[in-house]
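The chains carry the letters A, B, C, D, E and F, assigned in the order they are written, with residues numbered from 1 in each.
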Amino acid sequence: MSGTIYVINPNSTVRVTKEIDVAVTPLRMAGGPAIECLTLTEGPPGIQSQRDVDGLIPALLKRAAGLENEAAAFVIACFSDPGMHALREQSEKPVLGIAESGVLTALTLGQRFGIVAMLQNSIPRHLRYLGAMGMMDRFAGDLPVNLTIAEMADDALTLGRMIAVGRTLRDAHHADVLVMGCAGMARFREPLERELGIPIVEPTQAAVTMAIGRVQLGWGGRPLRGA
Amino acid sequence: MSGTIYVINPNSTVRVTKEIDVAVTPLRMAGGPAIECLTLTEGPPGIQSQRDVDGLIPALLKRAAGLENEAAAFVIACFSDPGMHALREQSEKPVLGIAESGVLTALTLGQRFGIVAMLQNSIPRHLRYLGAMGMMDRFAGDLPVNLTIAEMADDALTLGRMIAVGRTLRDAHHADVLVMGCAGMARFREPLERELGIPIVEPTQAAVTMAIGRVQLGWGGRPLRGA
Amino acid sequence: MSGTIYVINPNSTVRVTKEIDVAVTPLRMAGGPAIECLTLTEGPPGIQSQRDVDGLIPALLKRAAGLENEAAAFVIACFSDPGMHALREQSEKPVLGIAESGVLTALTLGQRFGIVAMLQNSIPRHLRYLGAMGMMDRFAGDLPVNLTIAEMADDALTLGRMIAVGRTLRDAHHADVLVMGCAGMARFREPLERELGIPIVEPTQAAVTMAIGRVQLGWGGRPLRGA
Amino acid sequence: MSGTIYVINPNSTVRVTKEIDVAVTPLRMAGGPAIECLTLTEGPPGIQSQRDVDGLIPALLKRAAGLENEAAAFVIACFSDPGMHALREQSEKPVLGIAESGVLTALTLGQRFGIVAMLQNSIPRHLRYLGAMGMMDRFAGDLPVNLTIAEMADDALTLGRMIAVGRTLRDAHHADVLVMGCAGMARFREPLERELGIPIVEPTQAAVTMAIGRVQLGWGGRPLRGA
Amino acid sequence: MSGTIYVINPNSTVRVTKEIDVAVTPLRMAGGPAIECLTLTEGPPGIQSQRDVDGLIPALLKRAAGLENEAAAFVIACFSDPGMHALREQSEKPVLGIAESGVLTALTLGQRFGIVAMLQNSIPRHLRYLGAMGMMDRFAGDLPVNLTIAEMADDALTLGRMIAVGRTLRDAHHADVLVMGCAGMARFREPLERELGIPIVEPTQAAVTMAIGRVQLGWGGRPLRGA
Amino acid sequence: MSGTIYVINPNSTVRVTKEIDVAVTPLRMAGGPAIECLTLTEGPPGIQSQRDVDGLIPALLKRAAGLENEAAAFVIACFSDPGMHALREQSEKPVLGIAESGVLTALTLGQRFGIVAMLQNSIPRHLRYLGAMGMMDRFAGDLPVNLTIAEMADDALTLGRMIAVGRTLRDAHHADVLVMGCAGMARFREPLERELGIPIVEPTQAAVTMAIGRVQLGWGGRPLRGA
């Protein structure tokens, strides 16, 4: 039950890691596990393609291997959950991905979920993942703001696009809950929810929440086995 | 962010509430929300039919209304999630049900989930609920131990049945993660997992975990609305 | 095979019961079962929330229990089918719900069905129910007229809204058959069908049709059992 | 509203038509539509392949065209519903198929339906049809008795096989309602239900029930159109 | 491995057969099977209804029977795949349908496929077929150009309509690959793809490709059986 | 249309590459594209985990980049289709994966497909992929022979296991077509089909077939774009 939850930002943009760190602050509780946010310096500045996703996995696994002893759990903080299943094989600790946890959490807040994505070309990748998760029956839509990680540093621009996309998901796609499809959108959760009037899930917060439970309860990454 | 997570056992069997209380103990963190387990004394001794489920909802809603001001969140601790959607309408606080949270959590631990149910006649009710949740693509099977809440007081009998049912779900239905389909099975999670070698989800623990996140993050039961 | 089909309007608005009574008149055949329409006086004036649905079930079950001996079958005439599964447990007679029968009947009249609902907040409840029924593969859309039971007394207003909603379902959601999502819309079936040119299902008529078959054929609410 | 419901047996085996005639007798009500059962003499003795299904459609359409003026509705009494969609195009009267009506009716009697089929090679054809109907989420299994129409004249043999198949569907496939997958099995509905203790749907009865409603209510085969 | 792939155009419009012949020319390889395109002279000029589909099957089967000895494989070149399953029963050679092959091939080129159909009334027939194929999870939309086979002789008119429909499928239905829903659209594949910037599948080419593999590999229409 | 189809075996076992080479020989046609089979020497000896799959992608992409100019198309010859979507981004040439092509081809040969897998722990990975492909409605089962790539060099052992697994898939899971879930099983296709009497798909042959069509038709890996 001791140990640290390592939240690994698999892109190399430290600004995003800092934003994640702020986002998970309310989940740092006295008596609960430590939560540390790390940047995968070997990762790309932003994760914008399947190549980016696949390419960073070896470095991610290596980084996690080095943390294995100290880790209570791992959270992979990129909405494509790169390397999540590989890390589940490698590590004896619980491993959560923010897309998986974010979407599952959304299902407790509405009947049809939408995703506010970064880029158009992420959508087919998301759809493949949602299909793998068996989530298509609850899926309303997935639309991009079409901003790069760099452009997302502009708050007004980004929030404006998110609101526009969110309105379309709510009104034309009938979503009644939204998931923010990027770890670097955390600071917009509250204004977006206030503007749209439907629940907004920040996926890293959703994943760290699940990780805390896993750690406190001693549910391992792998099941117990009889002697 | 202050307030108590009320875990309401909607059946009137105090033994079950006590077991739930033990189960959630690891989730009581010094800096986290208080967690209080209550018995719905107006509920039936065990919830064994759709009539039981539907019949207790008015009392459950009334009990929750009386707790609304002190509540940080509500968890309904019966695997049929009785009154969950009604309570979500009534309360301004987050409301989690253990079946919903348990199944969603299982999806992070395996690809095909099975359910160890109490009674044969619960199965169609579970299936309707899993269909409503859109979970059938990941569903492996749902099999009963066929014991009443009273009989489940016999540990050896109950664990034996759970192991037998779990083996069938694992070997014949190809489940690689199981959810215990009753709040009163919590004490068997660890021995069952050790025996079967696949992850076992205790659903009240799963729901309280989610509730803690909801409370710490200030995600309301209802979204914020613009002024 | 003798006995009466009781069509229970679970809301307390007698005007709606009278409309139902007119709607089922063509199904009263010499040689066929009697059909009696009743108002659940303990029900809410309109059923507009999950709380309304859940809250009326105890009264509905009690009313039905009092009619059990005389009943040939029961039809629950509210589009949320409140208490349908509970009444199937309680009664030895066939029990039909109008949403279930209405949607299933629509599947014989078109490939993608739409629903003309009363209120926006009914939609997630409908979706949960359609998921439980396994109907999402044939589902085109569900849109509200956003009128209360009281407002629906205004024929011109209601029909106008129904036509507008129906056009959207037909043209933007590609529905080729519609189900009217409220027992109190029966009088609009014919003008709506004439206006839209696609089949319109009145769900109470669909359910009573099924009930007649069940009664004439002696198919019980519960299967025969060997001695 | 006047006119006759024509129940067309598309195979040329008169014995089957006679059995259908007996089966629909309880649905002949003094004040309801006439019901006449016909044999498609041009059809094959039994419908045992996709070629049989496709090959009889021209003759079926021709026969129905000759009955169009007198018809109140048509029921196609073969579990492959041969020509159903073609006849819906050709006729202005309601057209029901027994597989479609039988399966939809089963959904009101249980959560997972099984089919007792005649022959092994019918199963893929049934599965394609169930997929087209969008019914796979509720499907438990489809198993054959492997008897020809001729062999099914032996009651003891046929019932024995049906009971064996039904037990497997109930116990190994978890079906809680069965549809008899052939119009010539009607006389076994009651003994099969008594033996298995779960509801059994006779599909011609299900389809004629729906046809009666359609006729009494004046719901045409095609929707009304505005002038 | 010797023999000819017979591509049968089941409509009687020779212009369409000629267009198919041009389309498959690149698939005629010196060392590969011969490919011959035939017109079913007994077929209707265009296949525009379920009656057209069902009605031509006997003639198609007869024609194929006459070719059985010389055939290496059969391709049915109509987007409703008329008689495909019946011909698979009749013939010992591989049988491919262009709708089936076209849709399956599209799944290798995009995540959500759209269909550019000829006529509005084909859509429900297509949907039934896609359901039978289990393809609805990847389906984006199916929209008609609403031109008859005769009108499609006008290139500018047809291409204009196809582009308009394709844009709607791409932009409003989120298709990222399109299948042309008619054998007579082959000449528009390249300009349509250039205009829309997403892959376009010509379904006869897709089916003949699969047939070539089947022939070269000696995979029969029916599996080998042990002696 | 010139160029070579490169079939890349992403494991480093040359024996498997040689077997693939034999398997694709019938698809080498005069007038058709050249087909060359390569071993990814940087790959693991066998691909037995998600880590193996993810870990080889960078090397695979690099190898393919070096072949880009000469390539007419790429086929990735491992049943997990490692790097398929990444290579589709990287290359301007068509990219096929053997799992995708194998499963899609199976859908033309039966209604419910089974997979004969190598190892138990591949199954959840396969299921995620089948979900991403939207194939679960046609899925019968996926069972392992539980042999390593090394053990599979023993023909008698391997074929015996494949037959046993295939029988279970056919008889207990109701599969009527099987896909061999490993590129190194090609030599068993014919004896397995003869033994089981249902079609067996060799997935590399299926993928190369599709690649040939893509090359001959000039359908690029990416759509044409307007000037």
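What we mean here is this: a residue touches a chain if its C-beta (ideal position, glycine included) is under 8 Å from a C-beta of that chain, and two chains touch if they have at least 3 such contacts.
Because the structure is a prediction, the values reported are computed rather than measured.
Participant: Just to be sure I understand: going only through chains that touch, what's the smallest number of steps from chain E to chain F?
Facilitator: So the least number of steps between the two chains is 1.
Participant: Taking each chain's centre as the mean of its CA atoms, which one is most distant from chain D?
Facilitator: Farthest from chain D by mean C-alpha position: A.
Participant: Rounded to the nearest whole Å, what is the centre-to-centre distance of chain D and chain E, using the mean of the C-alpha atoms as each centre?
Facilitator: Each chain reduced to its C-alpha mean, chain D and chain E end up 32 Å apart.
Participant: Provide the C-alpha centroid distance between chain B and chain F, rounded to the nearest whole angstrom.
Facilitator: Between these chains, centre-to-centre, one finds 42 Å.
Participant: Counting in whole Å, what is the centre-to-centre distance of chain C and chain F, each centre being its mean C-alpha position?
Facilitator: Inter-chain centre distance comes to 51 Å.
Participant: Residues touching two or more other chains, restricted to chain C: which are they?
Facilitator: Those would be 128, 131, 133-134, 136-137.
Participant: Who touches whom among the chains?
Facilitator: Result of the pairwise touch check is A-B, A-C, A-E, A-F, B-C, B-D, B-F, C-D, C-E, D-E, D-F, E-F.
Participant: Help me check something: in the complex, which residues belonging to chain C touch chain E?
Facilitator: Chain C residues touching chain E: 110-112, 137, 174, 176.
Participant: Could you list, by residue number, the parts of chain B that touch chain D in their complex?
Facilitator: Result: residues 123-124, 127-128, 131, 136, 141 of chain B touch chain D.
Participant: In the complex, go through chain F and note every residue touching chain E.
Facilitator: 1, 26-32, 96, 100-101, 104-105, 107-108, 133-138, 190, 193-200, 202, 205-206, 208-210, 212-214, 216-219, 222-226
Participant: Give every residue of chain D touching chain E within the complex, in rising order.
Facilitator: Answer in residue numbers: 49-51, 53-55, 57-58, 61, 83, 85-86, 88-90, 125, 128-129, 131-134, 136.
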